[in-house]
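Take a look at the structures below.
Shared between the two complexes below is chain A, which pairs with chain B and chain C, respectively.
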Partner chain A sequence: MGEKLIYLDHSATTYTKPEVVEAMLPYFTQNYGNASSIYSIGRESKKAIEEAREKVAASIGAQAKEIFFTGSGTEADNWAIKGVAYANKAKGNHIITTNFEHHAVLHTCQYLENDGFEVTYLPVDENGLITPQQVAEAIKPNTILITIMFANNEIGTIQPIAEIGKIAREKGIYFHTDAVQAIGNVQVNVKDMNIDLLSLSGHKFYGPKGAGALYVRKGVKLISYMHGGAQERGRRASTENVPSIVGLGKAIELATANIDEYNKKLIALRDRTIDEVMKKIPFVKLNGHREHRLPGNANFSFQFIEGESLLLLLDMKGIAASSGSACTSGSLDPSHVLLAIGLPHEIAHGSLRLTFGEENTQEDVDKLLEALPTIVERLREMSPLYESVKRGNQNV
Partner chain B sequence: MSGGVDSSVAAACLLEKGYDVIGVTMQIWPDMDEDKQKNEGGCCSLSAVDDARRVANNLGIPYYVMNFKKVFEEKVINYFVDEYLVGRTPNPCIACNRHVKFEEMLNKALSMGIDYIATGHYASVEYDESKKRYLLIKSATSAKDQTYALYTLTQDQLAHTLMPIGEYNKDEVREKAKLLDLVVASKPDSQEICFVEDNDYGRFIEEKTNTKINPGFFVDENGKVLGKHKGIVHYTVGQRKGLGIALGKPVFVVRIDVEKNQVVLGEEKQVFSDTLTASDLNFISIDKLEGSMKVNAKIRYSAKEAPAVISPLADGRVKVVFETPQRAITPGQSVVFYDGDIVVGGGVIDK
Partner chain C sequence: MYSEKVMDHFMNPRNVGEIEDADGVGQVGNAKCGDIMKMYLKIENDIIVEAKFKTFGCGAAVATSSMSTELVVGKTVDEALKITNKAVAEALDGLPPAKMHCSNLAEEAIRAAIEDYKRKNGLLSECEMAGSCGRRCDDIHHDHNDNDEEDED
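The block that comes next holds the complex of A and B.
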């Protein structure tokens, strides 16, 4: 303990970049006006919000008026799914999603099931991917929405979003994607990919927490989520969180500007980690497709150990990692994502998610690769199952 | 850590003594309504996590929640249900200490390179050089002593266990908590069974087993029907209150007959007995019981110790004969043997 923290949990959240904080600061103390007011500092706020909206729109290939600011990625997911479902009830009540979405989508779908909607949960394959064909086959006359995550938050797999978007558009079905993990990590263009609704969240790409956005293609029928004032063109009432919106705008601009260079760096860290871990540690499995995954994501299952002990020991060595989604690790039950790709309970328990980010270096990977094999071996030494497997191997 | 006074002060005591301390709360509760959990307030409830985390922050120690749901379900909840279904009265706290705290949690700690687990129990662990054994010794305050629930600890477990508050009494511990400015100093003692809502065992068992508990008859020793009972799980030996039966004189549960689904009632004197047999034994101050031994024996958490002679039976069980008859010797509860302040061992009462 006491050493420099090696932070390998960027899918949980990122730090806020100093430039982003700097951009936000004036809107706390100087330009604090309510954006709905007519006087000058109110107009300043309004202007800042609209500039941020432009930046968000530009970064995903949308128009500014198609961007609505929310309080989080989860809120954007809730709004998109419930909003489309309730606005298009007359057309149908069927929703298609996958069985390994983030809980913000899964639980929203389950909520709608209790309210008379019908949901198809497409099973992902052992690599954590679904095929456009699976989506096409699940479509029924009463299907009103397809919601499939862009990149998975645990195993990082990237879905064939453009192909799915094409199918949805041809069939005239709305297509929403939870792109919370994708933005800032992969190129996203809502027009080219035929995306109708897209959720994003600032704190995943070095922006502030509590700042999200929903892209809604012009013409999509969606009910309003918050009722009250006329903010966000009456679609999402609430006094605008001006500093956070400004921060979100700044962060997305920075994140998408150098995306190729950033990716190259992350891929180098990721690939070395994957190669070395697979080489140095026996009985390990890489979860998720080797190539179709986020540049910074490595997710392993180590047989014979519990992820919980592994994380605690890494923490004691100053390495911050997680065993799945941060939103569920309070409970450390086996992850629904890992169960969805077919891992048995006991192996799903021994999983480790490492997600790299901007400040990570090859030295961080060195330290990780030094600590991890020792920790895994030590934990395995306590496992009677491992002992017998080891003995078995020696006998062979 | 439960966020309560005892475990918080235990952590603080260890810090004072120079140990490198990590706070842990065991996550054991089954998935149930969050509001209910908040209100329950057992040693490992959700509110315990909030409180323990705050205490750990105050003390400046790392804090983790570790998941023991599966083993708790298997070894404590299922055992609890099974025992009631066969007409016995289980003690889930002993099962939790034995299988969860001092087995699963200790093993996990050891595998992580942690040397000891420490708890806020009112008891002490000492090493006796002459006997070459670890001893479990009663708390300085007999009123709070918790050794009854710890008699299953093995030599190996005791070697890796610290109970720092055993030397203090409850008031001293509360005083220490105040000095440390622990936010929990005035939190009430936890009681009741942590996983049963409203203490309604009957409903809990029905929900768990997904079956209806069958009502049956109260009978006297001769089998004469005295009235109807709500199902055997609602009764325990020695019980007088809540029988819902009026016979013009006080009656008590003498026995539970599972096969006939009957609860046998009788006069208070029938509830007394001077002999019991116990199985599933663990000895602490001795390696094993070679011959008869005079001890003080305690037949439930709230019972007073009473002089008795314990002797080994051929089948490995132990026979306990009390000097004077004891009230409500209850199958499923544990009997714990003491030699002065030292825990000799204990076992589970068969009959």
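The block that comes next holds the complex of A and C.
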């Protein structure tokens, strides 16, 4: 179409920053040595990995030796949860989580349930929040792990992580948080927040895909997940993906350096979008908490229309976004996150997630605000559900 | 993921709207499963002379609705009843496997609209009176949705 793409799907993934790519490049063609080797290009790789580890650690207030590189955020989640569960079986078999975690956490918990573990799925409220009290009340003598996401990938809700961490620490229960959406968007400090394990993923903050890390507080009992060589101090076997690790380090350094300024920018884009959409379009609902949400996340449900159709028409206008409708997930149900906040199926099907990022401008918001009302109206005109509304009967 | 034809019918749907004095109207699916189609037919001397639709649903649902209105016009009632979802999908140069269930709506909507026409004109056979045409959302969806790929982030 020739027009500039307006990318509003940064929670799905981001582009990789040129500086990050540049930092990675030498480790493909020149410094390609195996980090376990003794010769100089091997030592170069080892050094680069350790520098990246320092950067990741510094950005979340951890020590370098508490950071383990993984192949993704999903792997970090799997390792944290299964790793704690199997290492602490003698102590207990109960895990506490929420009903709206990412599937990397949810399906891992379900897997453990089939293997003799007991899982409590705390229900979030209509804004997608859980309270520290809910967590406290769910703790039992056999509880060994609390795993609660820092920020939700669909509706952006940010949980009271520090308060939950405090409760967990007081009770001597390990606390894991999936911070894949939070890193680079929200200030995270594992010490202040009493976090024992934390998952992160490079491609959500302008780093490479397939590069993640797990923070494991010193002293936490965790089984090794990948068996083989002695890499990552014997905890995660496999020849280190040096370019990706270097890219992850560079990206997290950039993302956390200017986080306050970046937040301010995203919040301006988000808030204008939310205010204008709510004003311009009737029969719309904002999903997620108005304040406790990711700076770049706006999530709406438009009544009487379906999300995939909305995405296709937005795409025609050069706008890339996502939806939690059943027809976009390939399953029969709309997203479990939208059902968890109590949306009826028909409202959940009409959801639209817009997630802003670094390259977005107010002109992008202008274009969005110009296109969206027309598209929504067009789909409503086509919708049999809208007919009765127009005739004055809103009980659909 | 969609064929050009599907995108064409989605972007420029044929016969959207209502027929005020329709001879048969049928609505199938429900909002719970994410796709609803309502079809209006004008029938003269046993021949479908006009068809219109309204659809709440994904790209595949809109495109199959549009295509099925094109397919029924000019057909006799009996011929129209023989239109299968497979035929509608083929006329659209195919649908992604995960989307086949959405195309079932079209066949169901044609049936429902014709059933309505027959009922209004006293043409229903006893078996049809028993209501076997009104298959529900679950039946429509479950037989084809064997695809559980999920994209997520």
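Following the convention adopted for this analysis, the second predicted complex is superposed on the first by the 380 of 396 C-alpha atoms of A that agree within 3 Å, B and C clash if a C-alpha of one lies under 4 Å from a C-alpha of the other, contacts with A are read in each partner's own complex, and residues count from 1 in each chain.
The rule we apply is simple: a residue touches a chain if its C-beta (ideal position, glycine included) is under 8 Å from a C-beta of that chain, and two chains touch if they have at least 3 such contacts.
Nothing here was measured: the structure is a model prediction, and the numbers come from that model.
With the two complexes superposed on chain A, say which partner A:Val190 touches: chain B (first), chain C (second), both, or neither.
In the superposition, A:Val190 touches no partner, neither chain B nor chain C.
Using the superposition on chain A described above, determine whether A:Asp315 touches chain B (first), chain C (second), both, or neither.
first
Let me test your reading of the model: by the given contact rule, A:Ala179 touches which partner, first (chain B), second (chain C), both or neither?
In the superposed model, A:Ala179 contacts neither chain B nor chain C.
Going by the contact rule stated at the top, is it chain B or chain C that touches a larger number of residues on chain A?
After superposition, C is the partner touching more of chain A.
Would you sort A:Thr13 into first (chain B), second (chain C), both or neither based on which partner it touches?
second
Looking at A:Met382 after the superposition, I want to know if it touches chain B, chain C, both of them or none. Which is it: first, second, both, neither?
Both partners.
Touching chain B and also chain C: which chain A residues?
306, 308-309, 312, 316, 330-332, 381-382
Within the complex, which stretch of chain A touches chain C?
It comes out as residues 11-13, 102-103, 153, 304-309, 312, 316, 322, 325-332, 334, 344-346, 349, 381-385, 387, 396.
Which part of chain A faces chain B closely enough to touch in the complex?
306, 308-309, 312-313, 315-316, 330-333, 378-379, 381-382
For a test of understanding, state which residues of chain B touch chain A in their complex under the given definition.
For chain B paired with chain A, touching residues are 27, 62, 64-67, 69, 107-108, 110-113.
Which residues of chain C touch chain A once you look at their complex with the stated criterion?
So the residues of chain C in touch with chain A come to 7, 10-11, 13, 16, 18, 27, 31-38, 54-62, 98-99, 101-102, 141-142, 145, 147-153.
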